[in-house]
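Each chain carries a letter (A, B and C) given by its place in the written order, and its residues are counted from 1.
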Amino acid sequence: MGNSVGLMDRFRKILGLRKTQGILLAVLSLLVILLPLVANNYIEEVATNTLFYIVLALGLNIVVGYAGLVDLGYAAFFAVGAYTTGIFMKFGLNFWLTIPIAILFSVIAGIIIGGPTLRLRSDYLAIVTLGFGEITRITARNLKITGGASGLVGIQRPSIFGHILNQITDFYYLFLVLVVLAIIIAIRLHNSRLGRAWQYIREDEDAAEAMGIDPVKTKLYAYMIGASFGGIAGAFFAVKMTAISPETFAFTQSALILLAVILGGMGKIPGAILGAAFLVLFPEIFRGIGQMRMLLFGILLVIIMIFRPQGLWPERKG
Amino acid sequence: MSILEVKKLTLRFGGLTAVSNLSFELEENTIMSLIGPNGAGKTSAFNCLTGFYKGSEGEILFKGQSIFRQKPYRITKLGMARTFQNLRLFKDMTVLENVMSGMHSRTSAGIFGAILRPPSQLREEKKIKQVSKECLDFVGILDKESRLARNLAYGDQRRVEWARALATQPQLLLLDEPAAGLNQDEKDQLVSLIRRIRKDLGITVLLIEHDMGLVMKVSEKIVVIDYGQKIAEGTAEEVKNNPRVIEAYLGKEDEE
Amino acid sequence: MTVFYIVIQQIVNGLILGSFYSLIALGYSMVYGIIKLLNFAHGDIYMVGAFVGYGALGILGSRLGIGWLGIAAALLISMFLVGLLGMLVHRLAYQPLINKRAPRMSLLITAVGVSFTLFNGVMVLTNGEYKTFNTGLGYEGISLGLVNITYTQIIMVVATGILMLTLYWFINRTLYGKAMRAIALDQDACRLMGINVTKTIGLTFFVGSALAAAAGVMAGVYYGSIQFYMGFVIGLKAFTAAVIGGIGSIPGAMIGGLILGLLETAGTQLPFIGSAWKDVFSFGILILLLVFKPTGILGKSEIERM
């Protein structure tokens, strides 16, 4: 209990909240934990989806927000994780054992994409990541092992201590645990030697290099960590949906996750959470708009960049 | 023993030769200046030494090891630190965080250290802060450690740059126009700081400077370059009376 | 002998594809040259051009007929309107950020937002349906042995040539062209010399967008049908073409487009690539190029560091 209070306190400090706001956060956490007791299936489904996007947004935030690298193909890592888990489970491997493999493969993908390209200017990097994202999707479409255009179906639901996770509530809590872990990791990375190195590079790459920081290696670390977040999220996505198809990982998906990060405010953890929540909840709340959703998102992106480039969440430092 | 040896260094940009056949040596534990009129190639030479430009030909030895065409971060790691002529601080970070960047190459915590936070990582963080504070104290702005770098006065921002370079724990410190923009009072403090860096910390200092008064006062050896070439070398007295130097700075007195 | 004819036929096909790429690549290169922005929305501008052309042809068809006269009129109308759209996008979305001297990443993300807006805007307006160009153009043409070149193809290449020559004249011989080139070199100096920088950048967007619109209408006529997502992949490829030629260089964009067109047509013929992998092939070229030769064929090399 003492530990959790300490953690709460640290959260409060990171978020720059006052005591009253800290209490608010505690109440909010309690609500999140108790939600499945009161909510119906629909609300739980939407909430689970939100949690899922929070993990992705926190992962991309490390690449875009912490290290300042544009990534327009983040869905590729998400795809690698999902397909790895899907394929290995088809071969009979236990879900939990596929997770390290999914992480490994997505990190390798991150190194393949990042290694040669991180020296490039930011706009070139954007195009290269986009190209890699498309290559990943097209490859998944064309290969037999990934199930071609129709993808993989009938992925088994995982079990934990003999209990098969097949209720929406199970996945809600599973993703909640993932989110909490992701937040802790994101905070710890931010307040570390590596986290500072990212910030130095973002502010002035030449000066950072003059201080003895290897910019390519440091950026590559951001890529690898971002990729592993995507990979883990993908692995869990595969078992939640039980079916995956290449079109899930199209450019739109990458752009949406990027939008979540930018909307909330690059580099800010509560911002990424807020952005992801907005992304999922907005179309749910305004169900009538249907196809207009993406159109509004596009306009929104432009408006944010012009009027509030620092995102919705307020700045910590004055 | 010389800590830095530059041999026949040449740097060309397309058709322009910015540094040509430049050779000099820097003795350990001395204060040396590289001077020359505007556009003489001082900054180009400086950037070759620190790895920010890749020299075309020649050799640069630091502690007997070649650093020619090496990457800047490797050179820093080997023990050569630099400052920038126009301040290059991390403006949106605190003064202490700025100086902590210098300790990066002397520490090692990586991804797992950051996430799992083992005791070794916590010790390292403590060490980084402690050394950084010592450096801030050395340049005299420890009281401003938690201010944002952008909010400091210009003179203090300069000090942050020096502290940051010192935090890399160098054996050789390269100062690029350290007196630029400082008032007379601050320049005097700079002279005593450079002397203290050599005397108290045992660090060799190489500076590029415009301010002749400061150069003459502080340097034990001066190398003068013009049109990318070395035209004179020696003590302040020797250089001052060298006709080629006078010519370079003032132009020929009389065309005969 | 048959192999020879197949090669010639593929070269013809490659050149047609390449001229579309070139026309779009020009807009990328011009905008990049002048404000260092990778105009992500450019592929969607091309797509909008195709739809405006489709609309214009629908209205004009009854008066001018849907033959070449109608198509030429629709092309010009689309070029003009989409050129204005390009200027509007510049004014509303990019210029406010340029004024604030925002980081390049913000501009890039804004461009992604514009792309999203145009893409989804057209999707909503068209209900995501295909539109068919009923031009009634046949497959008549010249036959040289087994090689068939239709009149449509010849007219496409000639039209592209005319557009490019006009552009070349505009950039090199007019005052506006000079201003564009000057701004690419030093924006602040131009401002001091009394050049209206914002207006000139706007004009660059007009010209670049108009060329993309021309490519859009021509693609519609040539392929027969258009849809809202036609700009995405071709936008990426045109960017590849611009990089092949050297981004910022106008002749580079022209040559880069033709090279990519030829490479891709050749690539589809290779047994291990085939049409399923042709996009992977193009993106692969792009990535290798960006990594190993980012300055392209005609681009200026930058001094190492600082």
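Here, contacts are C-beta pairs under 8 Å (C-beta built on N, C-alpha and C of every residue); 3 or more make two chains touch, one makes a residue touch a chain.
Everything numeric in this text was worked out from a predicted model, so none of it was measured.
Of all chains, C has its CA centroid at the greatest distance from the CA centroid of chain B.
Closest to the protein's overall CA centre, chain by chain, comes A.
Mean C-alpha position of chain A lies 34 Å from that of chain C. Chain B and chain C have Cα centroids separated by 49 Å. With centres set at the average Cα position, the gap from chain A to chain B is 42 Å. Multi-chain contact residues of chain A (touching two or more other chains): 206.
Residue numbers of chain B whose C-beta contacts span two or more other chains: 52.
Contact of a single residue of chain C with at least two other chains is seen at positions 305-306. Residues 36-38, 40, 92-93, 96-97, 102, 104-110, 112-121, 123-124, 128, 232-233, 236, 239, 276-277, 279-280, 283-284, 286-287, 290-291, 294, 305-306 of chain C touch chain A in their complex.
Interface of chain A with chain C (complex): residues 68, 70, 72, 116-117, 120, 122-124, 126-128, 130-132, 134-135, 138-139, 141-142, 206, 251, 255, 258, 262, 291-292, 294-295, 297-302, 305-306, 309. In the complex of the two chains, the chain A residues touching chain B come out as 185, 188-189, 192-197, 199-200, 203-204, 206-215, 221, 224-225, 317.
Chain contact summary for the complex, chain B toward chain A: residues 50, 52, 71-73, 76-77, 81-82, 84, 88-93, 97, 100-102, 104-107, 109-111, 113-115, 117, 121, 124-125, 128, 148, 164, 168.
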